[in-house]
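You will see chain A twice below: alongside chain B first, and alongside chain C after that.
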Partner chain A sequence: MSPSELFLLSPEISVALLGGVILLLDLAVKRKGYLAAAALVGLLVPAGFSVGLLIRVGSESTGQLTGVFDTLFIDRFAIYFKFLILAATALVIAASVDYRARLGRFQGEYYGLILFSASGMMLLAAGAELITLFVALELATLPLVALAAFLRDARSTESGLKFLVLSAVSSALLLYGMAFTFGVAGSTWLRDIGQVLSGASQETGAPFGSYALMLGIALMVAGFGFKIASVPFQMWVPDVYEGSPTPVTAYLSVASKAAGFAVLLRVFYVALGSADLRVEWGTLFAVLSVLSMSVGNLVAIAQSNIKRMLAYSTVAHAGYLLVGVAAVARAGPSDSLGPSGVLFYLATYTLTNLTAFFVIIAIVNKTGSEVIEDFAGMGRRAPWLALALAISMVSLIGVPPTGGFIGKVYIFSAAVRHDLAWLALAGVINSVVSVYYYMRVVRALYVLPSASQERVPSSLPLRWALGITAIGTVFLGLLPTHLLRFAQEAARILTS
Partner chain B sequence: MVGFQHYLALSGILFGLGFYTALSKRNAIVVLMGIEVMFNAVNVAVVAIAKYLLPFSLAGSVASGGEPAYQFLLTGQVFAIFVIAVAAAEVALGLGIVLAIYRARETVDVSQFTLMKE
Partner chain C sequence: MIPESAAWVVLGLPLASFLLIALVIRPFFNRYARWAGYVSIAAIAGSFILSLWSLSSTTGLYKALGWPSHSWVKAGPLDFQVGILMDGLTAIMMVVVSGVSLLIQIYSQGYMHGDRGYARYFAYMSLFTASMLGLVMSSNILMMYMFWELVGLCSYLLIGFWFHRPAAAAAAKKAFVVTRLGDFGFLLAILYLFSHQGLFAEKGLNSLLISDILAAAQGGLLGATAVTWLGIGIFAGAAGKSAQFPLHVWLPDAMEGPTPVSALIHAATMVAAGVFLVARMFPLFEETSAVLKLVALVGGGTAVMAATMGMVMFDIKRVIAYSTISQLGYMMLAIGVGAPVVAIFHLFNHAFFKALLFLGAGSVNHATGTFDMRYMGGLRRSMPLTYLTFLLAALSLAGIFPLSGFWSKDEVLAVALGRGGVVGTLVFVLAVAGVFMTAFYIFRALFMTFEGNFRGGVAAEQAGHPLLQAEVLSPQPASHPPGSASSSAERHVHLAESPLVMVLPMVVLAGLGVVSGFIANSPVALRNVPGHWVSRLLSPSFALAEIEKVPFNWPVALGSTALALAGIGLAYLMYGVRRLEPQRVVRRVGPVYRTIYHKYYIDDLYEGVVIRNLLYRGVCGVLDWFDRAVVDGIAEVVGWFGRNVGKAIARLQTGQVQAYGIGMSAGVAAIVLAYLLWGGG
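Coming up: the complex of A and B.
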């Protein structure tokens, strides 16, 4: 490994090192508020390295570098996710400041674990080989498990144990799927697998060309489906979301999901992207998509706890995102409408969902209740927080002028273009159903009367983070062009 | 004569047993044991694949980056070593959480962990 290869890995290395530095700093400083500040400043380093990589990749004719024994792809796709994950990490760290009182004396560990997980997620988006992907996946997940159990009370530990057991079972399924794919293709490198599978004749009559490959793909879908919280692998979501510390839930719902979709797109497009395979798994994802949005939306209606409601909402949004993945499958060799839709939607979803969770952190800090009806009267008690939450709900429904609207239009039009109009129709119907439970929150904020008139306090970092996410949500609805172009360039790597 | 199919069958049986244990047992420690068995079933499969299948599929030389093929003969074994390391980390974390949950609840019976059901 040469120094130039080290540069290819520099964003991940610097994030992991930063995590270590924060751990050590925790021993040295008395005022723990400095830890979050140090983490935020430190995150500028990997961001700078990522910009450097972007410039380096731009000068490459293929738009792609491979490095570190060919186990990493460095391309716009990976860098898009590096920026997305770094941004989500920074925002969550800033918003965690309001949660400090409940973290007790383990703040260094808290920020450290978030950063370790971020380095795993960034690797996940860049991995070019199955073993690397597996290790990156565990590096992303295990710190999140520890964070879910971080409060060490009955609820938090329960959610941690459920998360651990189900994520371990799903990684085992994923691994078994990787083993079968490895057996069929004779290699763990995604590109080699793609070459072998597109060269192999598919005339055995078995689905996916052979039963071993079918089993491998089905098991991998189960493993990744867990990560992106798609039905039928969503059973961990509500309990883990409810029991985890709220900033961790926020992080889990955006960064972990983004990384999951990154690896899903990469594996299925690069390794399993031959034309006849695409048709098979495209249909599979279309079915999972309809199931996810329907189940997520219908169960969300019945929820009274806002974190639990957002947990089912995230299942529904996994369904909308899978529309884009299913459209990937039917696309021609140079058509990247589906994947670029997924990339753009993930960015808007990150901003929107973080907005919602940041408001919940501030309000629950004051009221101590996560029941939706207890958000009553916040329109008067905390006008700015209420406005931000309302924007976020509107964007989750997909109403203009928010990013959620553009994302949905883009993803559904990709589906229509690829003869999946029924899937787009299912998505639209589900969006209409979702109006009911999202508007219930807005109704509580502005219509329901509340007993107390006390103001809701929030810290400066949280207000900044909230401002960025709320304004970003609206901004992407009004001026989506730049991000769309970046997403299209990033997705082109998958299809070329 | 023990051949590839036998190893694959062993791996399948182990995986099934582990899966059943992980999802049906009530003691959290036994659940973790089931997960461990699943990971080891994967190890049996990848090592068997590396020993019996890889020499044939590499004959067509799909080795990445034009490097000599013998490096790739060990992919399965390397895979297994990584799985063992990750499984150890997983169990260490699992036992830590079980300990924390025992302190909070004085039980490790997973059927009683229903604080958050609606």
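Coming up: the complex of A and C.
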């Protein structure tokens, strides 16, 4: 490995170093507020390196570089996720400022852990080899476990412990699946696996051409399904979301999910993307998609705690996103309509969901209650916060003029294109069902009367972060063209 | 040459003003509501200046500026593009819309002074102006439809601006529902185009871009039948918006809105959108002579029918409203006989003098507190400027040389005569009859309002004073019941000229109404303006083979002027010097008068027969049953299912981490099992 290859890894390295710097600063700085500011400024460095990589990749005819012993892909796909994760990280750090009273004197550790996890997630989107992917996954997950338990009250501790045990289970399943796949293909490099499998004969009559590969795929789906919160691997989600500190929940719901989809798309499109295989896993994801949407939406209806409601909502959205994964061409060379829809949807979902959680942070700080009905009267008490939350709910339903609408249109039209009209129909029906519980929040905000008339305070960084996410949500609904184009270019790497 | 970004700013400025007023000024600074007016006026002034730039850029170019459309959403085969179609037609409409809007908003500052909804009013007006500009600038028919519906929404909001009055709320609803009938046709036409995008794509065209649609229609890509139905659908939308028979019933009721709204939306701009739409799609209509004949006949019929109703109304705003319908009929007629340039020429002349008539009515109302002309009279002395401007506008509307109405109306008559054939002759006769009526009704209004002695204004109306001019057969239901003036503070008689902010825009409009006809489309070249300037500017927009110049037709000009003078003379005899007692004339033609007076019983037909019996008892009854029994039933079952299944699944969420682990493993087992059962090649 040459020193110049360090450049390929520079965003991840700089994020991890930044985490270390924050930990050290924590020792020296008395006013902990500076830590968040330092982290935000520091994040400009990896962002700059990512831009540099984007320029570097642009000059490459294949649009892709491999490096660090061929374990990394540097391409637009990876860089898209680097930006997405960096943005989510920065926004969550800004919004955490309002949570600092409950973090106590451990703010340095808190920000450090978020940054370490971010470096793992970025690596996850770039991994070109199974073992690298596994290590990156653990790097992303373990800090999150600590963060989930960060409050050290009963609920938070329970949440952290459950997350730890269950992610260990999922890691075991994933690793087992990877082992089977390695056994069949004889390689851990995604590209090599792809080449071996596309040449393999299909005469056995077994699914995927061999029972061992079938087992491997089923186990890997379980591992990734855990990460993206898809049914039937979603059971950890409500408990962990409810117990974790709210900024951590927000982070889990967007960044962790995005990284999960990145690795899922990369593994299935690159290593298992041959025409025979993708028909079979396409059907599997279609089924999981319907299950996730339906279960997520139906159970969300029955929730009264807003964080738990959003936990089931994130399961439902994993279902919508899986529509895009399932929308692969049945024959011939695959196109990237589905994956580019997933990429765009993830960006809008990140903005939308962060908006919702940021408002929850501010309001729950004031009222201390996470019950939906206790958001009553916020339309008058906190008009801007209420408006942002309403925008977010509308976007989660998928109504114009919000990014959620464009994302759904794009993903569902990809499904229709690939003869999955029934799946698109299921998605539309589920979207209608979801109106019920999202609108319950809006109803509480604007219709229900409230006893108190006190204003709801919020800090300047949170307001800025909220402004960015809320305006971004609407912006992507009005002018999605540029991001769509970036997403399309990024996804094209997967099928070329 | 104007850059494209500047054209977007034209659209963006009033939109920004709307957002600023609606989101900042009204909720937080409502005490400083005056600023809403300033913001709105400043934004529209900016738009107006940029619109003038657009006009000067398109002048002399004689083709569209050719700005590319921008892909807004592109997903698979769907490619929705937004863009500005900038040509002479667009530019001239932009100038008319922003110019008239500017003047009327200045006027509104006086008229709406002290109203509790002052900021709300200007927010709506800004949104309306933005939408109307968007409508005329759109290069994509779906984008145009969006703005089309937005102006409909603004019209609804502004007619019902004083929503606490039942009449205003009902009128707003009526306008919305009736125009919706026409819009449905327009929407069907768009859906047809949308569903045939594959056909267009083969030729590299986009089925929603206006220029591509017109090219496809002319190039024979769409079959003759398809073009005919598209034309009918589009014309249905236009007829609804431009209040053409049989969808004209909403416009007179729309006078319940504030008078400046009537001037801007229901006279000068929005109602002209229908004419604009048909003109914009003219190359498509040209391919189907049957639909063009329909357009001409509907226009001619509406022109005469509305004019007759205008002759018998007592509410000054209703007289002008029927006049608007009638004049829109003239424009449709012009398009129908194949002269869209003449239609647009008449459109903008009409915009100036008709807006002025409404502003005059508003000014009169400001002084007397009423709109009922039976309680006015003699205002010439106390309101000289209002009188003078109203007189100029009335002369222009009647088509008296050398005012603007003379030039465009004569062109309409000349092209109708030149069209020949049965349809051409018929609509020519209708149009000529309309000339006489127009002159009569507008001077009837003028004499009743400004001549004679003052008859008490709102005070007399409220006191139930016996009607001084009992021309009625049955008491006319007061269309503007007490409380209809702009605000309660103004509901008293105060005979004086209106404040300067109101009079000044009227004077400017009067100036435009005098000169716009002659200068814009002069038969001879002037010093700085070439002859037939509008024809040169607009003909390329309609893909006409040659520049459509209407030569000055002496017999038509002299004949129509004589007819108009006869109409004015009759009005003078009946209402000016009262040589002919109106009551006696009315009695002579009793049944005819009664029919016209009851608006040909069309409203009764719609409300009584069609709505109450056919729709309400018949169709709605069945739908109501279906909705309750089937739809609600399904919804209830689904709702019950959702709530209970959700609870059941939630019960699986035991909180036991062991159970969750088992769940995951079971998931893997289920996947494997499913593959073993159904998978495999």
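Keep this in mind: the second predicted complex is superposed on the first by the 491 of 496 C-alpha atoms of A that agree within 3 Å, B and C clash if a C-alpha of one lies under 4 Å from a C-alpha of the other, contacts with A are read in each partner's own complex, and residues count from 1 in each chain.
The criterion applied here is as follows: a residue touches a chain if its C-beta (ideal position, glycine included) is under 8 Å from a C-beta of that chain, and two chains touch if they have at least 3 such contacts.
Here the structure is a predicted model, which is why all the values come from computation and not from measurement.
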item	value
Which superposed partner A:149 touches (first chain B, second chain C, both, neither)	first
First (chain B), second (chain C), both or neither touched by A:162	both
Partner chain(s) touched by A:302 [first = chain B, second = chain C, both, neither]	both
Contacts of A:410 with chain B and chain C, given as first, second, both or neither	second
First, second, both or neither for A:52, with chain B first and chain C second	neither
Chain B versus chain C as contact partner of A:182, first or second or both or neither	first
Which superposed partner A:33 touches (first chain B, second chain C, both, neither)	neither
First (chain B), second (chain C), both or neither touched by A:20	neither
Contacts of A:235 with chain B and chain C, given as first, second, both or neither	second
Residues of chain A contacting chain B in one complex and chain C in the other	161-162, 165, 169, 238-239, 302-303
Residues of chain B defined as touching chain A within the complex	15, 18-19, 22-23, 28, 31-32, 35, 38-39, 41-42, 45-46, 49, 53-54, 56-58, 62-65, 72, 75-76, 78-79, 82-83, 86, 89-90, 93-94, 96-98, 100-101, 103-105, 110, 113, 115-116, 118
Residues of chain A touching chain C in the complex	161-162, 165-166, 169-170, 173, 202, 205-209, 214-215, 218-219, 221-222, 225-226, 231-233, 235-236, 238-239, 276, 280, 284, 287, 295, 297-303, 337, 341, 383, 406, 409-410, 413-414, 416-417, 433, 436, 479-481, 484
Of all residues in chain A, those that touch chain B in their complex	70, 130-131, 134-135, 138, 142, 145-146, 149, 152-155, 157-162, 164-165, 168-169, 171-172, 175-176, 179-180, 182-183, 185-189, 191-192, 195-196, 238-239, 242-243, 302-305, 308
Chain A-facing residues of chain C, complex	27, 70-76, 78, 638-639, 642-643, 645-647, 649-650, 652-653, 655, 657, 659-661, 663-668, 670-672, 674-676, 679-681
